[in-house]
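The first chain written gets the first letter, and so on, giving A, B, C, D, E and F; residue counts start at 1 in each chain.
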C-alpha cells in the first residue's frame, strides 16, 4: 500500500472535471477576470467565473443549471480566460468536458442546437471524406438546421470567387479516418 | 611409514581426479587463468598447468584461507549467543600438482598452528587435506630450496610425490598413510616398481648457503646495520607474506550485520606498520628495517627455537612478488657470509 | 557501558495520532543499551522536562534520546533540561517523530516502523556522543545596520541609545528609504516626512552612529560577535569633510535633464544632485553616468562655483574594513513597476502609474506640489481607477503572495484623491479588502463611506487607451460577474512589494537564507521572527516580506533588543560542535600527514598549520590545527580528509556510521 | 647514463646531496631501486627503459627522513609525482635535487621545482591506447556485467596493499583502511571488503593520480586497478580541466570547485 | 503479496533540506514512509563511503540533498559536495554501481513540497528498480553464510 | 530548401487566396513546401468541442504522416490547425499513456520530432532576412496587425510571442515599410467558429475589431488566420450592420502583404477573391538601405 492520501472518489461535477481534465476548480478565487475578458460573456447566461462558482458549490441544482446552460455552448475557446487567469484555472478544457457531458446526458440547451448541428455536420464531413467539404457542410448543416435561407447571398459569391468546390476532395486512406472515428467519438455515443 | 614406490600413468592421473570427484573430494591444482597460474578447483586434468615452476600464490590457503570464519554470534537485548564454526563440515581436499616446496610449507605452518595452542580449525582442515605433489624438473633464479634443507624431489609434506620420468609416466612415492589410503582405493591405477633414482628427472637448484648458517649468524646480528641496508628499497607491502607458504600471521576481526555477526581471521603481515602499532601511538617496530629483521628472525631463528623448524622452504615466491625486487635468497646469502 | 534513556513525546496528538507512541517506547526499551524508555503527552512541558531530569538521576543515564519534534525546534530545550539534571547537554539527541514522521505519513504499521528506526538511529548515535564543553569567544560591541530606511533608522537609534556603537551602511546618497517618498501615512494620515525627517537627523547626530551613505557591503567574514565587514564607499566625487551643503553646485549644473529617481521619473534632476531636500547627509553626489565632465572631459562648472573646494573628480571608491559583532539587515523592498503588466499595456501609457508614483503626486514636496495631475498632460483626472492586487496573488504571471500593504495604501490614495479633487470619482477594483490592524478597517470604511470611493469587487481584465481615455475593463463579481467598463483619466496600479533587487547577492555575501521570492528568511516564522539562521545576523522591515511602517519599526526595535542582549555579555558561548584533528603519542603525534587539503576547503580559514618540533627545535611534522574560534562546524574538512584525521563533534565519523548501520541492518 | 652518473657523482662529492635514489641491476635481467650514498657507489647506477619504478615513493619513506638533500633520478612520472607531492606539502624543494630524464631516456640535468613544472608540461601524459581501449571496453558493458567484472576481478585481491605501498600518493600515516572506529573498510579480503577498499582508493586518488601505473605493476595478482584512477584522471581533465603533477600550487580536483561545475545530475 | 518497499536513506544537510523536510511536516504534505533521514551539518560533510556503506547494509536507494548553489550556510560545502558527487558518480558508473539509485537534489528550507516530491519520485524509481541485490549480496555472501 | 506543409481544409477551400499567397512568396524565396501526403482535416473546433480523443487523433495522424515522410519542420499557415497541432503535440509529449493510446487509435507511431511553425514563425525564420534583397515596393500604409486568439494562446502550449500585445507580425510589417499601429483589439476574438452558427455574435465581435482599427486610422488589417479573414472579410455586411456604418477597410493576409512588397501579381496572390476589395495603391518603390549609421560610434570619435 502506498502512503498517498486515499481520497474518496469525488462524484460532484467539479470532481469529475478534476479527474477527466486535471482542472481544479477549487483554485478559482472568484476574481472575475475571466468574465471581464470573455468576448461572449454578455451572451452567456452565466459568465465563466459565475459558472465556476456554481460548480464550486457542488449542489446538484447548480450543476444541472450548468449542464443546461447556454454558456458552455457559447464559449468560443478563444483561450482569453486562461491566458489572463491569475490562478491558471484552465477553463477551455473544462468547457469541452461540460459540453460532452451535456451532450451525453442529453441536457444540451436548445439555443445550442445550431452549434451542435454545425459541429456534427462538420465531423460527418470529415468522417466521410477525411477533409472538410465546405459546400457539403453548408448544405448538410442547413438541412439539419432547417434554416435554408441563411446566407443565401453568400454561397453564390463565394462560388464566384472560387472559394467553394462542387466536388468533395477525398483522401486515400479513408478507412483509417473511419477507424479513428470508430475508436473515439462513435464508440462513446453507441 | 616406509615409502612405497609405484608407477602412475598420466592417463591414470586423469582417472584418479574423476574418482576423487566421485568420492566427494575437492581437487585443487595449478590452473592458468589470465596468464597467472594459481591453485584452483579442477574436475578434469586438462585444466591443470603442469609446466609452471611455482604458482603465484602458495597452496597454504587450502588449510589457512585468506579469510576464515571462526564463529558466528547473535546479539539480543542483554545476551549474546555464540556458535563455533563446524569443523566437521570442512570438505575433503586434494592438493594435486603442488611442488615439493609447497608441500614442505605445510610443515612449518602446522608448527605455528600447533605449538602451545593446537588450532582446531587449522588442524581439521589439514587432516582433510591430501597432498599429491609433483617434483620439479625446472627451476628459476628465485628458487633456493636446496639452501633451506629442501630439494626439487623432496617428499616432506607430501602424501604422494610424483616425479615425471617419461612423457607418459610418473614415478609415485607413497609417503604417508593418507597416501596409502589413496593407493589402496585405486590399486588398479598404480603399478609396482622398484625404487628409481629421481635425480636425472629433477631440476638443478644450486645451494648458496645453509639455513643452519643463517640461524647461527642471526645470534649476533640483531643490532646490525645490515637490516637498514637490506630494507632500504622495501616498500612495506604484504605481498611477500601473502604469497609465502609458511607465513602464518593473521588478524582477528568481527564484522556484523545488525544483531548478527561473525568473527573471522584473515591474513596479516609483520611487514605492515600497523601490525605492531599500539593504541597509544607507540610502535615497537616503527621502521621498515625492524620489520624486515623480524621477518628474517622469525623464519630462521625464532621458529627454529620454538618449533624446531625453519619458516622458509625456498620457493622464492616472495622475491617474485616483490615490487621492489627484494630477493630474499640474495639477502640471506649476504647474512650467511656476514 | 551506555545507559540510554528514551523519551517518546505524543506532542498532544500531533505525534500520537499517527504513531503508536507506547509501542515505540516498548520496542525502544529492547534496544541494547537502553535502560529506560517511556512515552509522555508533552515532553517539552515543565513536567515533561522534569520527567527527563528525574530519569537521568534515577537511572544514572549516560545518554538521552528525546523523540519528539524537530531538533531545530527543541534541541536546546532538552539539552538544557539534561544539563540541569547533571548530564552533559551534548549527551542528548532528538529523534524527529513529528515533522519527519507523524505529520508526513499515514497512521499505519510502516509509520510505526519508521518511528522505531528513527529512535534506534539516535540511540546508536547518542551512545557515541562525546561530552563537550561550550566554547567562549569575545564579542565586538559594534553593530552593522545595512539599509537606512525607517527600519534601519529605528534599529540604529535603539542600539545606539543602548550605548553601543553602530555602523550604518546605505546604498543611496541619503538615508530615509521608501518612507521618505510617501505622502501621508495610513491610518492616521500624518505626513510621512514630518515624522521621519527628525529621526534621520537624529541618526546623523548620534555620536554612537557612524553613517556611510552611497556605500555597499563588499564582503562579510567571521561569525557571531566577530564579523569582519568590508564596505565599499562609492566615490561621490565630493569631499564630504569640506562640503557645507550650500547646494550651489546643484543649481549651477547645466546638465539638468536627468530622470529623478526619487520622483520615480516624474521629474528631472541635475547630474550633481541631492536626492531630495531633506536628505541626510545633505551632501550632493555626482552621477558619473550623466555628468558632462565624466562623459566628455569638459564642464567642471560645479568645481568652479564650489567655494568650499569640495568637488573631487578623481575620487575613487574606498574599501573600509570594520569589525562588528552583530548585523541587522534592513534593506527594505522594491515595488513592481507598471511596465510589468501585459494586459495593462506594459507601461505604454503614461497615465497608468504605480502606487509609489501616486505617493509622489500626492506629496506636497512632489513634482506637482501635491496636486494630482496626469503625467501625460498635467490635467487633473476626474475619474481615477485604482487596481488592487496588481500582480499580487497571481501565481500565473505575477507574485503569488498577498503583498499586504496595498489594500491600505489604496484606500489611503482614494481618500487623498478625494481630498484633493473634490469633484472626482475614485473607483477601486479589489478582490478582498485586507485591513487587519489597529484602526485599519475603520480607515477603509472611511474611504467608502465618507470619501465616496467606489469599490468594485472584481479584477481588471484589460486596460487600453482610446482617444486620450483609459478604458478599464473589469468585472463586478457581486453583480453576477457582469462586465464593467470605466473610461478613466488615470489608473493607479497597486503593485506588489517585492524583494529588493540586491537582496539575493547580499544574502549570499552574508550566508543567510532567502525564500523563493528572494525575501530574507527568518529563523522561525513564529518564535524567531527577527533572527536569521546565521547567529548574529538579524532582519527587520520589508526585506523579510511586505510590511507597513508600524510593523517595520516594531521589528527594528526587536532587532535592536536582540543585538543589545548579545552585547550585554563580554563573552559569547558557542556550541562546541566543531572539527578537531586527532592526536596520538609521538613519534606519530597525529595521523594527520599535513596535506592541508582541509585548509583549501575550509570556508572560514579556520585551519592553520601547526608545527611540531623536537627538543632541538627541528621541525618534526606539520599538522592541521583547527582554530576553535573560527570553525563553524560544516565538516567539509572531515569528508576530504583521506586519513580520517579530522572529525567533527556532534557528527563524528563514528556517530554517522552508526546511524547508517543502525538504520539499515535491522 | 654516463651523464646521469656524472651529475650524481659530482653532487655527492660536493656534498650538495647525501644520497641518490636511482637504479641498479636486480635479479636476473631486472632492475631495482637503489640508494647511493657516495660517489664510488654510483658506478653501479644504471638507467634504461626497464627503470619504470616510481622512485618518488621513497621520498616519503624512512630512508629519506634524516637526509638533508636527496638526489633522485627522475623520469617524467617521478617528476610529476614530486610536483604533486609538493603541492600536497609532502616534500620540500630544499631537500630534493631532481635529476630529470625524459621519456626517451635523455638526461635533462638538474631541475628545480619551477623547471620541473616546465619539464613535466613538455612530457605528454595521456592514456595509452591500450588503456583507453580497456576503459572503453569496460564502459561498453551493461551495468550488471560491469559490476560483476569488477567484483570478480577484485575477488582475487589478497589485500597485501602492495598497490598502496608502491604509490607515491599513498603517504597517509594511517590509511583509512586502518582506521577502525568506525571500521570504514572491512579488514577481510572478501568480495565486499575488496570492493570497498578499491572504491575508496580510487576516490582518494581522483585528481591526484599521475598515472604511473605502479599500483598495477606491484600487484601480485595482476589486478588492473590503475584503470579506476586512470579513468578518473581522464574525467577530471574533461570536467575540471585540471591535471595532477604539473603544478606545485595545484588544488586537487576534490578540494576545489567552481561555481559552474556541472550539476545536470542534481534534481 | 505485498509490494516491494525500498529502503531509502536520505543524507541531508541541517540547514536546507533538513529544514525543508521540517517544512514538509509543518505543511502536512504526505510522502512515502520508506525514507529515513540522517542529519548532517552540511552536504560537504557527507562521506562517499557512507553511501556504499548504506548500500552494503541494505539500502535500495539513497537520496543526498542539500542547499542550492550559493545558498550553503557554510558558503561552499555544497560546491565541494557537488564535485565529489560528480567524481563519485563517474566512478560508480565505471564500476557498475547503479547510479540511478543515488539521487542528488537541492532542496532549500523553503521547498517543503519539493522534498515530498523528491522522496516520492525516488520511491517510485527505486520500486521500479527493485531491491539492490547485487550490492546486498556482495556484503552478505561468502563467509557470512 | 524543402519544408513540410499542412494546408488544411480552409486553404484548399474558402481561403484559397491564403494558400496561393503562401505558395507565391515561398516560390519567390526559393522554398519548396511539401504537403503531408494524404493529410486529413485537423478536426478544428468541432472535434474538441465534442470529443477529446478525436480532437487529438485527427492532428496526430497528420503529424505521424509528416514524420513518416521524413519531414522535420512543418509549416501550418491556418491558425486553427496550428493551434490544434501544437495542442496535440503538447498533450502527447506530456502524457506518456495518452501518447500510447492515441498512437493506438491512429495505428501509427508519432514520435514527436516535428517542429511546428505558424506562418509568422515561418516568415521570421526563412523569409524576413531575405526581404531586403527581394523587396520591390514599400508597403507604406497604416496597418493594424490582428493576431486573434489561436496564434498566441495558450502561451504555455504555443510558446509563441507574448500573449498580450504580441509584436512579431508588427515587426514583419514594419520591415515591409508599413506603419503598424498600436490598438486595443489585437488579440480579441473575432467569433471564429460561430461564423455559420451565430452570425450575429460574429458581427458584434468582428465589428468591434474593425471599428477600433478604423478609428485609429488603419488603412488595412493584416491577418494570419483564415477564420479571422473570413469573419472580417466575408461577414462585412453583418459588421457594418452592427457598427451602423459602412467600412471598406480591406483585410489582407500577411503573406499577401509580403507578396505585394515583392511585386508579385495581385491575382497570383488571390487578392481578387476578397469580398472587401483591396484598393490599396501607390506603393513606394523600395530602395535597399545602405550601411546603418552607428550613432554611438560617432560619439566615441
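To be clear about the criterion, a contact is a pair of C-beta atoms (placed from the backbone, for glycine too) under 8 Å apart; a residue touches a chain by one contact, two chains touch by 3 or more.
Please read these numbers as outputs of a predicted model, since none were measured by experiment.
Note on connectivity: the fewest chain-to-chain touch steps from chain B to chain C number 1.
Taken together, chain C and chain D share the touching chains B, E.
Interface comparison, A-F versus C-F: the pair with the greater number of contacting C-beta pairs is A-F. Comparing chain C-alpha centroids with the centroid of the full set of protein C-alpha atoms picks out E as the closest.
Set against the C-alpha centre of chain D, every other chain centre is closer than that of A. Ranked by separation of Cα centres from chain E, the top chain is F. With centres taken as mean Cα positions, chain E sits 34 Å from chain D.
With centres defined as mean CA coordinates, chain D is found 74 Å away from chain A. Inter-chain centre distance (chain D to chain F, centres taken as mean C-alpha positions): 68 Å. Under the contact definition stated at the top, the residues of chain B that touch 2 or more other chains are 67, 257, 264.
Under the contact definition stated at the top, the residues of chain D that touch 2 or more other chains are 174, 176, 184, 188, 190, 254-256.
Under the contact definition stated at the top, the residues of chain E that touch 2 or more other chains are 30-31, 33, 48, 53, 57, 70, 76, 80, 84, 139, 142-143. Across the complex, chain C is touched by residues 88-90, 171-176, 179, 181-182, 184, 204, 251-252, 254-256 of chain D. Of all residues in chain C, only 70-73, 96, 98-101, 103-106, 110-111, 113-114, 117-118, 121, 508, 511, 513-516, 521, 533-534, 577, 601, 603-604, 632-636, 638-640, 648, 650-651, 653, 656-657, 659-661, 663-665 touch chain E in the complex they form.
Interface of chain F with chain C (complex): residues 162-165, 182, 184, 212, 215. Every residue of chain C that touches chain D in the complex is listed here, in rising order: 588, 590-598, 600-601, 622, 640, 642-645, 653-654, 657-658, 661. Contacts from chain C toward chain F in the complex involve residues 342-343, 345-346, 348, 462, 464-466, 471.
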